[in-house]
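The following block contains the structure, expressed as structure tokens.
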Amino acid sequence: MSLVPVLADDEMSAEAREVIDDIRATRQTDFINNFWRVLANDPAALKRTWESLREVMGPGMIDPLTKEMIYVAVSIANGCEYCIRSHTAAARKRGMSEAQLMELQSVVAMASETNRMAVGLQVPVDDVFKVASPAAASSDD
Amino acid sequence: MSLVPVLADDEMSAEAREVIDDIRATRQTDFINNFWRVLANDPAALKRTWESLREVMGPGMIDPLTKEMIYVAVSIANGCEYCIRSHTAAARKRGMSEAQLMELQSVVAMASETNRMAVGLQVPVDDVFKVASPAAASSDD
Amino acid sequence: MSLVPVLADDEMSAEAREVIDDIRATRQTDFINNFWRVLANDPAALKRTWESLREVMGPGMIDPLTKEMIYVAVSIANGCEYCIRSHTAAARKRGMSEAQLMELQSVVAMASETNRMAVGLQVPVDDVFKVASPAAASSDD
Amino acid sequence: MSLVPVLADDEMSAEAREVIDDIRATRQTDFINNFWRVLANDPAALKRTWESLREVMGPGMIDPLTKEMIYVAVSIANGCEYCIRSHTAAARKRGMSEAQLMELQSVVAMASETNRMAVGLQVPVDDVFKVASPAAASSDD
Amino acid sequence: MSLVPVLADDEMSAEAREVIDDIRATRQTDFINNFWRVLANDPAALKRTWESLREVMGPGMIDPLTKEMIYVAVSIANGCEYCIRSHTAAARKRGMSEAQLMELQSVVAMASETNRMAVGLQVPVDDVFKVASPAAASSDD
Amino acid sequence: MSLVPVLADDEMSAEAREVIDDIRATRQTDFINNFWRVLANDPAALKRTWESLREVMGPGMIDPLTKEMIYVAVSIANGCEYCIRSHTAAARKRGMSEAQLMELQSVVAMASETNRMAVGLQVPVDDVFKVASPAAASSDD
């Protein structure tokens, strides 16, 4: 049970419906997941969030599947079940194989492990990593 | 200043040196960043961590650059400066452009924003996202 | 199911009951939520936590509703469902409207987004923000 | 040192300058903090982020000072030094007293303490907190 | 429902079964919890994770019960319900009393509270804490 | 530089000095670290925090050194440098060896790795872990 109502189409304001219709048109599907139906309680937030998401996840310098995998990785680190499930579904739709899903999990877990070691031991940043430019530094942790 | 000494090559145990030499051989560079020089205080941890990292970040179903970008994304979510800087350097070495770096930042930020909304509003998971298989669900949040 | 029993009044020690009775008197209600019934398994922790909470959330320089909204915001960032739900209920009791609840969600989400960008890009702190006094610095991020 | 250049006005693209000028006009100050100068490396992200922030932090149902205190609270929970410092400065500008700053810290710390207890003991959510409406539930944790 | 199948023994690959059998032999029990049955979808990850866990949680300089309590503490801080429950069970098996469980919760909660204060107030690290050696500094926060 | 002044003894209120003197008496040392000197800006918060810390970290069912190691573990997971450094110093004072410090780091890192896997794969909690009593369940993740 969410903190506010999960709105059905006919319970939304005209302003919200307009955004929902754009989501349907953009994704070419009638299905609207709960995230948007909950945000519909605040049309302005719904519009702002959808437009930002469409822009960020749309065509760019990183391919769509990679963006979805990054989205899942961040959602795991942030501990958001809803986001992990919805974006894993989105990544699978964009072609992520089950083997890639498992490998993604290992990269996220490995990063979390070494993150804790670097923070826990307060490892000082190497000078070569302190440049604000495409450093040719060698690294992996 | 780290919590334990950042060991120079000649301050390491033979067991640690062996791992460091393998890192040099694998990465084909003499440069060894502080993370490994600090871990060298515990040869067993150094060996275990390096072997796991080499396996996880090595050849697999996800390309090396994508893995590095996922690593950076998780490091940002975990707030590890050392890891953000060292893996951004690694991603740049593997070809990440400055435009891709900025786009990666937007995806991570966008994911963190919607993660908070999904958690903050306690959005219920759609049934279509609850399957343990390549669901053909439509989603983006 | 919690990790330890959710104690009914007659299952608590006299020491725990005393604290529970104080909670009832302070809140002028008979209802005691599970958080306290679980903490009752450790009377000392129950007493210490309740007394600190009563002091921190009681009359001060920040009004009660604002404190509850801050409590909800932190609970969202920490990903604690129990706390999000219980403090949203408390905030609503103190007068938070549904429109304010949605706006609160947007502020928390926006802060999380810009937090990731500042950390992800390792933005250096402006000198004007480094003073330990009421700086008249202009800012929003 | 940030991961990308902190751009001076004359190093920005015309598109970025336009956003920066809007920030100056909106805040009625010439000062532009590093966050925006770093984001200026990606004009589209700069524009999207500023427009969202201006909308979210602008006039609404929650007063400006409360929004800034919530922003600081989230930044503390997310561990973002830059954001803690910049938004504390913004809150002070909007009238936050030093006593309120200290009280804010106590609320954030108290919330983090009880968050850990609720999660650590896996306290089950009370039925009264599971409603998607202005519940008249009594609570404080 | 997990994101991938929770495999029964006869659904696992021979490679995965070998690891599962080692877990059974090491723990001297037939019971295999879901964590391993899910990881079994990626035999290499299952093997790597189990071998690392066995090494880290095995005989060392810190006694087994203390290690499990540290494991629970980290799981609480990371908000992982599965890990909190499974490692609390493991700690109880190694002798943790209910009183110790409650005290562990208080230490974790107390640490989270002071952590937020130190970060929230940006307390500067005392010089005496900046040494990479067994400093004889006095401290508690 | 902290957000508020790091107060010298003669800059504190009488109420704050009283707490500081108690810290000196309890720890049998004249040294007062910055955390307390910063909190001294809010005597009530200083008193409440010190009294809670003294109670939680004092004699109980878990030995002092183990408590300090748990404190360090949580501080690493929360990413609080100040707390990692101050409590590592405290743990060393209570007898933690350098080998134990390194092993502690491995346990924290290992826990963070498996935490991410359990959350990332949404592993369902085994029924045997759902009991609110000393379950005799077999586990390690």
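Labels A, B, C, D, E and F are assigned to the chains in the order they are written; within every chain, residues are numbered from 1.
FYI, a contact is a pair of C-beta atoms (placed from the backbone, for glycine too) under 8 Å apart; a residue touches a chain by one contact, two chains touch by 3 or more.
These numbers come from a predicted model, not from an experiment.
Engineer: With chain centres set to the mean of the C-alpha atoms, which chain is at the far end from subunit F?
Structural biologist: A
Engineer: Nearest 5 degrees, what's the C-alpha rotation angle taking subunit C to subunit E?
Structural biologist: So the angle, rounded to a multiple of 5, is 120 degrees.
Engineer: Using the touch rule from the top, work out which pair, A-B or A-D, shares more C-beta pairs.
Structural biologist: A-B
Engineer: What whole-number Å value describes the gap between the mean CA coordinates of subunit E and subunit F?
Structural biologist: 17
Engineer: Could you give the separation in Å between the centres of subunit B and subunit F, each centre being the mean of its C-alpha atoms?
Structural biologist: The separation of the two C-alpha centroids amounts to 27 Å.
Engineer: For subunit C and subunit F, what's the span in angstrom between their mean Cα positions?
Structural biologist: A distance of 20 Å separates the two centres.
Engineer: For subunit B, what residues touch not just one other chain but two or more?
Structural biologist: 1-4, 6, 45, 48-49, 52, 56, 76-81, 84-85, 88, 98-99, 103-106, 108-110, 112-117, 119-122, 130
Engineer: Once you've mapped the touching chain pairs, tell me: line, ring, star, complete or other?
Structural biologist: complete
Engineer: Which residues, counting only subunit A, touch subunit E once they are in their complex?
Structural biologist: 79, 84-85, 88, 98-99, 101-103, 105-106, 109
Engineer: In the complex, go through subunit B and note every residue touching subunit C.
Structural biologist: 72, 76-77, 79, 81, 84-85, 104-106, 108-110, 112-117, 119-122
Engineer: For the complex, give me every residue of subunit C touching subunit E.
Structural biologist: 3-4, 41-42, 45, 48-49, 78-80
Engineer: Which residues of subunit F touch subunit C in the complex?
Structural biologist: 1-6, 44, 48, 52, 55-56, 130-133
Engineer: Mind pulling up the subunit E residues that touch subunit F in the complex?
Structural biologist: 1-4, 6, 27, 29, 31, 33-36, 38-39, 45, 49, 52-53, 56-57, 60-62, 66-67, 69-71, 73-83, 85-90, 92-93, 97-100, 103-104, 106-108, 110-126, 128-130, 134-141
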